[in-house]
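In the two complexes below, chain A is the common chain; its partner is chain B in one and chain C in the other.
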Partner chain A sequence: MKVIECRVLTKRFGRTKALNNLSFDIVENTITGLVGRNGAGKTTLLKIMAGYLQKTEGEIKAWGEDPFNNLQFSANMIFIDDNMPMPQTLSLMEILDWGSKFYNNWDMDIARGLLDYFSLAPGQFHQYLSRGLKSTFNVILGIAARCPLTLLDEPTTGMDAAVRKDFYRALLKDYLQHPRTIIVSSHLLNEIQDILEEVLLIREGAKCLHMSISDLKEYGIGLLGRREVLEKIVEGEEILHREELGEGTCYYVVRNTLKDQKIKEAKLAGVEIKAVTAEDLCVYLTAGKKGGIDSVFNEK
Partner chain B sequence: MTVSSTKNSLLETVKKQYMFKLRLYINLFISLIVVQVIAILFSSGGVGSHGTSTGNINFFEKTFSSDIIIVFSLMWAFFAAVLLTTRDYRDMDFVFIGNRVSSNISNMVFLATASLVAGFTAVLGGVLPRVILYYSLGPHHILSDNYFLSLGDLSLAVLATFLYLILICALGYFCGMLVQLSKAFVVIIPALFFGTLITASAREEAHLVDYVFNFFVEESSLSLFLVKVIFTAAVLFGSSLLMSNRLEVRK
Partner chain C sequence: MKLNTDGMKPLYVQISEWLETEILSGNIQKEEKIYSQYQLAEMFNINPATAAKGLNILADEGILYKKRGLGMFVSPRAKEKILKRRKNDTLKQLVWELVTEAEHLGLEEEELMEMIREVKEKGRG
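Right, the complex of A and B next:
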């Protein structure tokens, strides 16, 4: 069943288009990674999905209804980000208590357990927590609420490496016990790819690709070798990335549609065939200016 | 899990948000107490006095009034209502479940509760200076006109103060929402208010503020006053709700 259906969705802030003709579906009980570079529109998209922001054009439906300002939908959704408004007059434990009053599926045991595990004192106040601990508390809220739709916008901002790992593990464990639809945004695919089933990659507000993580891992293939050899091989292929490594050596990344014959030829000609990680692939697919950061320095 | 598995009615959500706000905005009640204590201190000094003497007889009269407590409470109500419309306070409604309508209605119920509390404490706080006077000056120095209040008088005073507070809350909420819609109203609202006051008093004629003021204050029938206040508050709150629909739910 589709939880979210998005059709040619566009969102404008004044003159800038934050989202541009975005169409995709999110299927029930999956974990989807929303990946893109800074300013690609991840947060805007999540906030529209959360019903916080009004779309400009197109259509977005959650369980067949418009999520914007929708009470029914709000009861089934939780949106977590690092600048969530949090009550300043309530202690962490009190906030969790209120969470249990609002959300029907709330799991207080998990909430208390996680609070304890991450050494957050129940009597502390949210505004006095460090950035990383704030994020930690927010995700505890997101996990314990057990909402059918859980939206996490850059949930690990400020967390240290150990907490990040623990958090993703906790999220995955809880998801396996209580399947629900989770969308996590991040610009670090490496960090989240182990728990993901689907990846939605967006670039400048438009959809770049939407596929399963296993397909994404095999989407591209890297070729390293002499430039003149490679140029012949990649002819007619979809080139995703090209990098000069100096002294006539070149690195190409192409769609993984090369015929076996061609791969054999390449290997004979001394070309190294490399797997391309999902993370690298996303970087190549969302690359900005041709030539990368080097071009800024080379032009001088 | 689908939407149907978790049905939350509007009433249920409003109730939860209202209870949440009572706990969350406890500071507002504390500020109310502070404001009223300050007002009591002001009024315990007396609001007017005059004295005469003929021959050996010295006559000194001092007037005490608890109006100042009510005026202070009204100002508090206005700012409390404005505060609820600001971004930080509005965002609080979306930490957990809620939508625009539930958020506005729970705000209104909260403001009504705050008005009732403030009405009670303002009127009872007005009694306090009388008690202090009684013990500090002694009963012989008090002109008994308006000094003793019957229970009926007191409850009538609480009701009237409550209604004024509701009215001011509705006005504050409305102005606050206008400001949220466009920051230009921060300048426009005071400009309009003081503008009409100044131009009209310069021409020495009745003006809009006067007219509005008289519409409520000069009303001698309680039931008619009640109707006027409820109607006006409903219009103000209603239009605030409509205005808030033009805002994004949460940034």
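Right, the complex of A and C next:
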């Protein structure tokens, strides 16, 4: 079943287009990674899905209804980001108590267990927490609420590496026991990719690709070797990335549609075949200026 | 087992190979129920869809079979099937790479054979 249906969605802020003709579906009980460069429109898209922002054109449906200004919907959805407004007069425990009153599936045992595990004192106040601990508390809310639609916008901002790892494991474990639809945006695809089922990559407000993480990992193939050898091999192939590595050596990334025979020939000619990680692939697919950062310096 | 997350081998292939090894070593017997996708997801910290893909590879090859509503079980002839495929595909591929590398290094056939014999003897001694 589709939880989110998005059709030619456009969002304008004044003259800028934040989202541009975006169409995709999110299937029930999947974990989707929302990936893209800074300013690609990830947060805008999540806020529209959360019903916080109104679309400009197109259609967005959550369980068949418009999420904007929809109380029924907001009871089934939680949106976590690092500037969630929290009441200054309530302690962490009191915030959790309020959470349990609002959300039907709220699990207080999990909330308390996580609070304790991450060494957050129930009597502390949110505004006095460090940045990393604020994020940690916010994701505890996100997990304990067990909302059928859970939206997490850069949930690990400020967390240290150990906490990030624990958080992703906690999210996966809770998801296994209580399947729900989760969309999580992140810059660090390497970190979340194992728990994802789908990846939605956006670029300048438009969809770049939407596919399963396992397909994405096999989308490209890296070839490292002598330039003249490689140029023959990649001819007619879809080139995703090209890099010069010193004298006469080249690194190409092409679509993984090379025939086995061609790969064998390449290997025989001394070409190294490399796997292209999902994260690198996303960087190549959303690369702005050809030539990368080096070109800025070379132009001088 | 620790999964290698940025290697050439997809996670679901690593899962299916791990299960094969468990079957070959006898840790999971024939006609025994195999781990569910959710158990594998929890064990390896991966999405259950990825784990399911690993299980389905083995089901497609007849190494596992489905019992409706009960899950997946190890086929009676699972071991033979795994061994046969590993010989025909995996080993052949490895030999191909070995021979290619030996040619790159300009090794004579006899030298290569000698190296293989050496490893075999050392492994036994």
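The rule is short, and it goes like this: the second predicted complex is superposed on the first by the 300 of 300 C-alpha atoms of A that agree within 3 Å, B and C clash if a C-alpha of one lies under 4 Å from a C-alpha of the other, contacts with A are read in each partner's own complex, and residues count from 1 in each chain.
FYI, contacts are C-beta pairs under 8 Å (C-beta built on N, C-alpha and C of every residue); 3 or more make two chains touch, one makes a residue touch a chain.
Owing to the predicted nature of the structure, the values given are computational and were not obtained by experimental measurement.
Which of chain B and chain C touches more residues of chain A: that partner is B.
Applying the stated contact rule after C-alpha superposition, one finds that A:Lys217 touches chain C and leaves chain B untouched.
Contact with chain C, but none with chain B, is seen for A:Leu196 once the two complexes are overlaid on the shared chain.
When the shared chain is aligned, chain B comes close enough to touch A:Ser74, but chain C does not. Of the two partner chains placed by the overlay, only chain B lies in contact with A:Gly51; chain C stays clear of it. In the superposed model, A:Met86 makes contact with chain B only, not with chain C. Shared-chain residue A:Phe102: touches chain B; no touch with chain C. Residue contacts after overlaying the shared chain place A:Arg180 against chain B, while chain C stays out of touching range. By the touch criterion stated above, A:Pro148 is placed in contact with chain B alone, chain C being left untouched. By the touch criterion given at the top, residues 1-3, 5-8, 10, 13, 16, 19-20, 23-27, 88, 91-92, 94-102, 245, 248-251 of chain B touch chain A in their complex.
Remark: chain A residues 30-31, 168-169, 172-173, 176, 190, 193-197, 212-214, 217-218, 264, 267-268, 270, 273-275, 277 touch chain C in the complex. The touching residues of chain C, counted against chain A in their complex, run 3, 5-8, 10-12, 38, 41-42, 45-50, 53, 96-97, 100, 104. Taken in their complex, chain A has these residues touching chain B: 1, 47, 51-54, 63, 65, 68-76, 84-87, 89-90, 94-95, 98-99, 101-105, 148, 180.
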